[in-house]
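Two complexes follow with subunit A in common, the first pairing it with subunit B and the second with subunit C.
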Partner chain A sequence: MIIRKILFVFSLLALIVASFSINAEPFKAGGALGTQTIDGYNALGPQVEQPIEFPHYIHAKIMKINCMYCHTYARRSAVSGIPRLDKCIGCHKMIPEVRDRPRIKKLFWYWDNHLSIPWKKVHDLPDFVRFNHERHIQRFYFQDKRPVREVCGYCHGDVANMTTARRVKAISMGWCIDCHKKDHQISAVNLKTTNGPHDCWMCHK
Partner chain B sequence: MATEKKMGVDRRDFLKVLGISGAAATLAGCGNTSIESGAEKVQAYVQPEDFVVPGNSVFYASTCTQCPSHCGVMGRVREGRVLKLEGNPNSTISKGKICGLGQASVQIQYNPDRLTTPMVRNGDSLVPATWDQAMTVIKQGLGKDSVISGEEIVFLTGTTSGHQKVLINNFLNNFNSNNHIAYDALSNHVGETVRENVYGYSNPVQKIKDAKLIISFGNDFLGSGLSPVYMATQYAHFRKAPRGTLVQIEPRMTLTGGNADRWYPIRPGTEGIFALGLANALVQHPEYDKAIPDEVKQALQAYDKRTVGEITGINPDAITHLVGMMWERTPTLILSGATAEGQKQGYQNAYAIELLNVILGNVGKTITAPTENPFPQMNPTNATYQALVNLNEQLSAKKVKACLIMGVNPIYTEPTFVGIAKNLKQVPLKVAMVTQLDETAELCDVVLPLLSPVEDFGTYVAEYQPEGVEIGIQQPLMEKLHPHTKSFGDVLLTLLKERDPKNYSHYPDYYSYIREAVIKSKPVFKSSMTDDDFWDSTLMNGVLHIPVKESEIKEVKINIADLPKAEKAPADVNYPFYFVPSIKADLRDGRHANLPWLQESPDPMTTVVWDSWVEINPKTAEEMQIREGDVLEVQSSMGSVTAQAYLFPGIQPNTVSIPFGQGHTSYGRYATNRGVNPFKLINPITDEKTGELALFATKVQIKKTGDNKKIVKDEGPTTLQQGRKLVVTMAADKAELSKEV
Partner chain C sequence: MSLNNLIKNWTSFRARRPYLDQYKNADYKWAMVIDLDACTGCNACTTACYAENNLPVVGKERFEKGHAMHWMRIERYWGEGESVPVDMVPDKGAQFLPMMCQQCEAAPCEVVCPVGATHHSADGLNTQVYNRCVGSRYCSANCPYKVRYFNWWQYADFAWPNPLELQLNPDVSVRSKGVMEKCTFCVQRLRESMDHAKTDGRLVRDGEVTTACAQACPTSAITFGNLANPQSQVAKVWKNQQIALEKDEQKKDENMRGYRIFEEFRTYPSVVYLERVRDLEA
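Here is the complex of A and B:
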């Protein structure tokens, strides 16, 4: 009888493990290099269809615009925010040669109707995680003087080579901790190294 | 049989299913499977102000409308949503502080049961309608061709002030009427009338901070009083060295009573007699000999210690002790409160209590005259119970053709003997303006959805003005959440524009009405700013403040006829218990029962949540063999309710109490069918002098129903140390110190 019970418990455990492996996304080495997650999740997110197929590669790669020119809140706030619509219009009013392109027409349609563009969120953390953009940008861009595409790319991947953004990093807790464990140079002049904080309350308030 | 076998699930199958779905459910909530791409929208502003940074909060000043103390508040706004309220440091009333009631006002805004479209009566039920449809119904009765006038129209509200009140009066004047009826179930009209008659001011400034000894007769100034946030800061100063002493005398312990140094339980309704007992003992002392006329002194002789002790149930030695304290610690302050005033002899009780202030020479020291408001038309209406009786008389005479109701729920708060529901039904046009459907709105023909307090403009003047006069400015903290809700002011302006286009058509909305009124008041504030700057700075500060103008209480009148008689109330065999319902600082008269934060916050004295309960003294409970959680039937001559017993040492042995606020039959998911409504037990006893309802004079009997249910409360077992030996004490002679160390 006891053996039956033990067998029953084991079969139940096996079931749980099996269902775990069924439900977890299988790992696909689809992300950029170095995005392998230590907790076994797929780094590559789904392709999200956006209301306007915004070409990051034209802005960041061809035009060489700094990420923070548009995502201006990243260095000032916990969230980087989507650029305000009048920011897009401010530049595009001055570029009449692309006004007839379908994407720009769409952009001006929103502007003329005074409507906000219903972008879909690509990097959406659970509500119990408080990620702070400002701290990361201040630390690595302003203090360490690392290139902006590299700093943003730690979490967002090489967006400059994408059209609309797609998640390429796991952004799981293990993945965050992995980076927080690494030795980071304190600043461009101070070559000593530190780790990121490991306190639970840093992110889970 | 075969089907049965097929349908049957044995334990193993059941667990298998549970195992898989359970594991799947666990997985859905952990790991990065909860990182979603493309599931939520993230939208930017089209053209925001330059200072707007997503993720960073902006603070806007406004005024709290949860109770008539109208504290100045600051709303924390992020991404266009108000998240939290704080006190406004510019406000002389709140001084940057806020209470739980104020905090919960954001839940009016986000309440899932908010009324989002107008409702119009169709037969027996209310059906959603458009604003055009609703206004058409209203305009049929109150449009430009309406001949309704005088007493045919009634505007029923709670306490209103500021431009809301001005607009209501203008609206009624347009119908040649002044039938603005202000009803408050928990009105403090008795005390106000007494103070008006004694000092000439209904709400003189009571300087708690300056007193060394406060004797409060049931005045819950820290909980459900007139201005609890202001009083709490004053009380904090009062408690700083040299520490003031607070004595509370009341039948059932309030939050203030819980904070007192001494708490005397008193037989309900005899507070005035105890006050006169103190007065009699005081005037024996040569220092207080000349304070009152000889005839009053003569009359006081009837209140000797022994008689007073017998009537009030307080040990006569307490009088000696308190008189000693009064003599030692000056200045003193004597306060009368709800339980002393809400009695058959309520006026006399309050009168006797104020007499103590006169004898002790507190007038001019701890009781001073308030500053006069240069805009008397904005002063708050004096909401009373008598107003409801008047309304009922008007309704039963069947003269009323239109009744507009805002900010008050008489169907819920009326005692059973008033019977306003039946009379109200006969009114041809009943319009309720609410944020959420309640018992009264359910009876109406048209229900209009109003903006929540954090979406609307307005001006408010508090009843209690301790430091100068403060006019609270209310402004929207965010855009309106539901597109089909409207400001109360806009509804009235729409109707006024139709009837009086000459005077009102130039106001596009309520905002412009208030803006113009505030700018017109500029000379009073001696401001040299431009109109626009003055308006902007007013919005930014959240308050307009008129500084303290010292004036004196000129004359104190004492009338010997207004003192309570030293008579013992006859015992009632059928209804042996006094019924003293408690006023909770959060739910008040039940208007806030729809806010889950307040339902969830434990009652400060008993820690019970989400329910009603009957407080009974442990000694009485022992005699009647009542245990905690026993379901009791509390019966008065007006009706009966059942609720669980809670054994509470802070209550007189012959008194029971049920808190006000619960027992709604319609007020959204959080309030409906929760607890019981003690208003329905109140006997038809009124204060003899003012006609106000004696809320605390009902007598009841209690019966055990035989059921017992667990009380939902935060408190652990009532035995000491939570039923566990947390701290073990031992008599010193029993301890063997060599082993203990």
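Here is the complex of A and C:
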């Protein structure tokens, strides 16, 4: 009996030690991009290495291209969509002055070899969550007429100052609910407020 | 709605008896009508449900143990109220009744859930949140229709061997071992159409969205729609059959065919069955 009790205590201790090691922070702390999440902590996602180091800051910040020019499905479907290669080429065919840059060379290498670029996912939600881009974009960009960089930035951070995108917000349920709890004014003229949905089956599938 | 609101109005999120004109000002109340006269018992609805909702095929052995996962099943009945031994089942003359979650307004499953994994949504659905479910199975025990199914196995590991996992519906999660699941009225379709409708600044039109079973039914025995809209097909049938959501005892004319199963239990189900007309003389 005593041996069993000792074994039990030891296994408990082992469990506690194990749980501490599991609890280690999966993401690096500290704000390289200086973005604070709503719930106060910085949840920088891993730096995803993309096949081409796509410079968001050139397209979105310097050239001031609307996010939805490339992520075209964001306003009418659940997913925002990664642009097809012909969308990149469609513009870059007309910009011969940057053709000799290494990234553009790589882009045309994919085009010449009839390959699509294997972009990697940065903002990956769990399989049991249903997030709808359409409703968020329609509500805050088209209805409230807020700037597109702000609207997308609520969840994606300041992508216009990044090269390849990196997850800077927590994108966890508590973080979503924080926003859905807030009283959002119906429109610029209508002072009545409304909340985002709280029903479980709105987001969980 | 905030957390304060949730705590303050907690009772409205629990099951309770529906009242008159409860959904009069609501946008949606999903409901269904099944015409048993048109049902041929072909099982197309069951098959469609398997395909739409990522249901695993459990096999004969597990089926015999009662581990079947069919959210929609076809029940067979012979004769008028007489029981037939299993080995004496006649070859013909069966009557069919598709049975799935009745989305009760005062659902017996909701009150017994210890963790609030099943509750009522604003559009009248009896929700089941898989992430919150701890697998106590109280809900299944308390369900008079026996339409809740428990995951006894981690079906995701073996039910869809490669490349079959490619046919899984990405809009529905693959449930894991130890959680309860049931018919959702194809909530993924409802939510998609509601989102598009809201973008257009309107409500979902009648016939714009339907469940997988109603879509697959070859005889159109199943009608699905929005009961809050009095112009919808479903609302018309409910009205014509003199069935009201908040009544537990229907006082209706002799020639009415509509009824709800186990009305006397006061579960206030959202599914109306149209009784089969039988020619007893022939």
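The definition used in the following text is that the second predicted complex is superposed on the first by the 166 of 205 C-alpha atoms of A that agree within 3 Å, B and C clash if a C-alpha of one lies under 4 Å from a C-alpha of the other, contacts with A are read in each partner's own complex, and residues count from 1 in each chain.
Going forward, a contact is a pair of C-beta atoms (placed from the backbone, for glycine too) under 8 Å apart; a residue touches a chain by one contact, two chains touch by 3 or more.
Keep in mind that this is a model prediction, so the values were computed, not measured.
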*Here subunit A is shared; do subunit B and subunit C fit on it together or clash?*
clash
*asked:* For A:D158 in the superposed arrangement: first (subunit B), second (subunit C), both or neither?
replied: neither
*subunit B versus subunit C as contact partner of A:A78, first or second or both or neither*: both
*State whether A:D178 touches subunit B only (first), subunit C only (second), both chains, or neither.*
neither
_Looking at A:D144, would you say it contacts subunit B, subunit C, both, or neither? Reply first, second, both or neither._
neither
_In the overlaid three-chain picture, which partner chain does A:W201 touch, first (subunit B) or second (subunit C), both, or neither?_
second
*Which holds for A:S116: it touches subunit B only (first), subunit C only (second), both, or neither?*
first
*Touching A:D86, do we find subunit B (first), subunit C (second), both, or neither?*
first
*Decide which partner touches more residues of subunit A, taking subunit B and subunit C as the two options.*
B
*Could you look at A:V48 and tell me whether it touches subunit B, subunit C, both or neither (first, second, both, neither)?*
first
*So which bit of subunit B gets in the way of subunit C here: 258-266, 276-284, 348-356 or 546-554?*
258-266
*Mind sorting out which residues of subunit A both subunit B and subunit C touch, each in its own complex?*
76, 78
_Per the contact definition, I'd like the list of subunit A residues that touch subunit C in the complex._
76, 78, 127-128, 130, 132, 134-135, 138, 181, 195, 198-202, 204-205
_Sites on subunit C touched by subunit A in the complex_ = 1-3, 6, 119, 121-122, 125, 127, 129-132, 170-174, 184, 187-188, 191-192, 195-196, 198-199
*Within the complex, which stretch of subunit A touches subunit B?*
8, 12, 15-16, 19-20, 23-25, 37, 39, 41, 45-46, 48-49, 73, 76-79, 81-86, 110-111, 114-126, 166-167, 170-173, 175
*Residues on subunit B engaged by subunit A in the complex (per definition of touch)*: 12, 15-16, 19-20, 22-24, 27-28, 31-48, 53-56
